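Letters A, B and C mark the chains as written, and numbering starts fresh at 1 in each.
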Amino acid sequence: MTLVQVNDLNISLGGQHLVRSVDIELDKGECLALVGESGSGKSLTALSLMGLLPSNARVSQQTFQFEGQSLLHCSEDEWRQLRARRIAMIFQNPMTAMNPTMRIGDQIAEVLCLHTGLGRQQARSQSVALLERLGIVNASEKARQYPFEMSGGMLQRAVIAMAVACKPTLLIADEPTTALDATVQAEVLLLLRELCAEQGMGLLLITHDLAVVRRMAQRVAVMYAGQLVETGSLAAVFDSPGHPYTQALKAAMPNLSEQRDSLVSIAGTPPDLSKDITGCAFAPRCPKAMNICMRQPPLAFKPAQNQLAKCWLWAPECAS
Amino acid sequence: MKKLLELDNVSCHFGAASRLSFGALAGNQNGVVKAVDRVSLQLEAGEVLGLVGESGSGKSTLGRMVAGLQPCHAGEIRLAGKALPARFSSRDFRRHASQVQMVFQDAYSAMNPRMSLLECLIEPLILQAKYAGRERGLALQWLDKIGLPRRFAQRFPHELSGGQRQRVGIARAFISEPQLVICDEPVSALDVSVQAQVVNLLHELQRETGVAMIFIAHDLAVVSHLANRTAVMYHGCIVELGGRELLLEPAHPYTRALVAASLGDEMPDAALEAGSLLPPAPTGCAYRRRCKQAFARCEQVVPEMEPKNNGRLLACHLDW
Amino acid sequence: MRFYPGDFDALPAAAPEQMEDLVAAPPLWRILAQDARAVAAVVVVVLLIATALIGPILWPQDPARQWLSQVSSGPVEAREVAVIDDSRNWRPSITAVDRLQAVQATTTSVKLVWPSVSTALRYRVYRDTQEHGSGLGVPLAETTQAFYDDRLQLREQNYRYTVVPVSAAGDLPQHFALQVKPSLTIGLFEASLLGLNTQEGRVELPAHPLGTDSLGRDMLSRVIHGARTSMLVGLTAPILFIGIGAFYGALAGLLGGWIDNTLMRIADFVVALPFLLFMILFRVAMGIESGESGLFPMVLAMVLLSWPGAARLVRGQVLQLRGSAFVLSARMAGASNIYLIRRHLMPNVLPLLLVSLSFAIPQAIFTEALLSFIGMGVVPPTPSWGSLCNEGIRSMLSHPHELIVPAVAISIAVLSFNVLGDALSDAMDVQLRRGNR
């Protein structure tokens, strides 16, 4: 069953067209990974799902359905009702996501009090239970600590606890483990996956790290220069990437188990988003670019089952 | 082969200078944090040593000690047979400028925002006063070498992209032809595709100039791509030191946990150690609280670095 | 969708690598030039400083010279007036008149003659400035003779004179009245006092575009000379204390350790000292009496007590810069401390100092005005904007221009320096933010 559906999402900010005609669809209990490099518009897309775009951003979208209800003309009050209760978000840096002057436990309890109407005492004991669930030993003691007394991994767990406290149906995680150490990162990801399975949450995971995607996602959407260039199931996108950008991204990841003489890099830099792009945005950097790529924006083609790639290479007319 | 760099039981402590530090107030035992604790290491000319570990393991501090940016509180650092002073004066820096240089993590703060790119590249040459008259030509040559057009010479740091800035940082380190370059997480702030470009550049330059390199990173894949030898640090100590194969066949439980966490492809959930939140143990083996194989001896005796049969150095009581 | 032949052929080999071409950030002055308020502020500041420097040459009137014939006047043009010798006592040459007559009507004196009344013992002379008032006005004199020479603060305006004969029984009903507007003249005595050439019998009186004050001094010239005092204090004190503070702060930040600690505790101590008290203390210590100029102790107190702000600012900046990677990198390249300060620290601290300077200047101008207003600054007749306000406030209701003119000058100066500082800090923000992705 569809949890979120957004069609033709466009976001402009400060004269730059940063998100260009993006479609997002996410089912209940599913994990969709939004992959892209910095500046590809993935974070803005996520913020728009939370109704948290900066006030000077210009947004337009064809449809915006959440749990069967249209959010196209949602007021700020209605958004406030939705956030935390139905949609929650985890940010990259746990240090800035927490109020530095409040105890961890109180911050989680506050969210519970506000949105579930629990009493102060109940909320507090529930927040301790939540911290315990997230693998924090000595949770009742840690709940009395301030953010600066905790390590990054511990704090990110507290942030996750705060996000899932009201059992939202959609969790948006914006680079949740980028700031964490490798061993901590693996644990936090595992926890996130367990929580989603437990509560049937849909997870929109935003990351630039393909290793994280591989571990977490069922479906993958790859963004480049504000556009979705490829979507599909994890297996399809990973094992036989259809778009040259996805292929290059995969090749550029250094791999521990595979030694190469030099890493594959993508020449050039992303296009200037303050201008219109004729043709395919990736064409100037694409090793397989064809004449048509410079002229016509590519349509979505189906290289395989469960896979869509916006690339002329997959057009039936393309001979090779 | 002659040893270029020898570290002999070097240590660096924070908070040792004043008793009344914040560490002491926060209840840190006797207010001293051992950032680097009795580390011994050798590096041959032209060798690339990868230094991996999680944040707080002391890998950056060790790099800075070799560069003279951190005082050496105990032990001795010898460069080309000559002992370095424990605390560098600006005369010491000048003496070693043509021997050791550094590439910083944050390329943006590594350039004076009010100096043009050319001025930034010329500075080390002028300060060494042995390139009289050739500074400008050399700097422009290096611009070519790092793949930036010469018209960028008059640009300022904020007019460059992240990858371009880091290339300038690398050129600045290599331009005075040092024997040893310390790279402190040079690519961890960059996007995947740019990261590959920078790693390739470093790789090429290293092969071309035959410089020795200490490559500090938390990304094991990047390290295994560049390094001939790898050292794994935990809590200020090197726990494992070996050749290229170290990250493929890790021996120390901590290295194994790190490698397991980095291998995104194989979903090594079972191999994951739990309890990455546990702090290092104050006595015995620092890692024993997180180690599944810890036994009685680990609690009492600090394991020393010992050579094992495959030419590897290991600090672990387990029998290998 | 239509396809053309060759659409699916590969592009010609290796499209040239496109380097991202960012727009170069403009230099500071160009950002400022695009900011209308910055341009306005710069123009006004330059004008103010130019006024203080060359104003007295362009408007060479002595601010201390009193034009007693033109006390508290509004704006007047330059004109030629007669010199009147009024040194001797006057007796009218004609006495047979049939009504009240003015033999002479000048601002030096108004000479009145009227027919003598036989029953009158004496005459009372009244003067009124209201043309059609019901009353008689101010009684000027009682005289037994039928003429009177009025020399009491005459100005160029209408006067109504009334002469009332008084008999033994009291006031007689028969009054004489006369409407007179004296013409502007200058007495021989005053003219020679001012050193004017009286040979021709006429002298040139200068213009007063902003009028004169209650002592007949030219307002424009006083405001220009006041600008000198205010700019002197407003520029020297901030430049001195920011310079000292910057040096002190840089020293503390660079040396670090216990030296830094000691230096900054001293700065903290200085912050706690009360400014006004110390200024008075300096006055007393230097033996300056209440009638002498207190400018020097004022500047001294400002400099000695205001530097810690700049010191803290610079120290913080230096501490931050000292640990930044580019300074470490320069150190590793073999840079000496002097080189670090010159090439890396100064260029990054200087813009900040410029901003704090532009905010300190209006503050100092205001302090000077305040202290002169309460009589702690310059002494008469030296003008300063604050003391001008102080003098002007006494005649605020009758001659408001004497207060408004210096008050407007202070406001313009303070505002323009503040706007300049604002624009400067904004521009520097823009410069560093531009293109920083």
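Note that in this section a residue touches a chain if its C-beta (ideal position, glycine included) is under 8 Å from a C-beta of that chain, and two chains touch if they have at least 3 such contacts.
What you are looking at is a predicted structure, and each value in this text was computed from that prediction instead of being measured.
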{"item": "Chain-level touch network, classified as line, ring, star, complete or other", "value": "complete"}
{"item": "Distance-maximising chain from chain A - centres being C-alpha averages", "value": "C"}
{"item": "Averaged-CA centre spacing for the pair chain C and chain B, given as whole angstrom", "value": "63"}
{"item": "Chain centre separation in whole Å, for chain B relative to chain A (CA means)", "value": "32"}
{"item": "Interface hub residues of chain A, defined as touching at least two other chains", "value": "269"}
{"item": "Of all residues in chain C, the ones touching two or more other chains", "value": "19-20, 437"}
{"item": "Junction residues of chain B, two or more chains touched", "value": "161"}
{"item": "In the complex, chain A residues that touch chain C", "value": "39, 267-269, 272, 283-284, 288-296, 299, 312, 315, 317-320"}
{"item": "Touch list for chain B against partner chain A, complex", "value": "54-55, 161, 163, 191-197, 199-200, 203-204, 218-222, 224-225, 247-248, 257-265, 267, 269, 272-274, 276-277"}
{"item": "In the complex with chain B, residue positions of chain A that touch it", "value": "37-38, 135-137, 151-154, 181-187, 190, 208-212, 214-215, 248-249, 252-257, 259-260, 262-266, 269"}
{"item": "Chain C-facing residues of chain B, complex", "value": "67-69, 90, 93-97, 100-102, 104-106, 108-115, 123-124, 127-128, 148-149, 152, 155-156, 158-162, 172, 176"}
{"item": "For the chain C and chain A complex, residues of the former touching the latter", "value": "1, 3-4, 6-11, 15, 17-20, 437"}
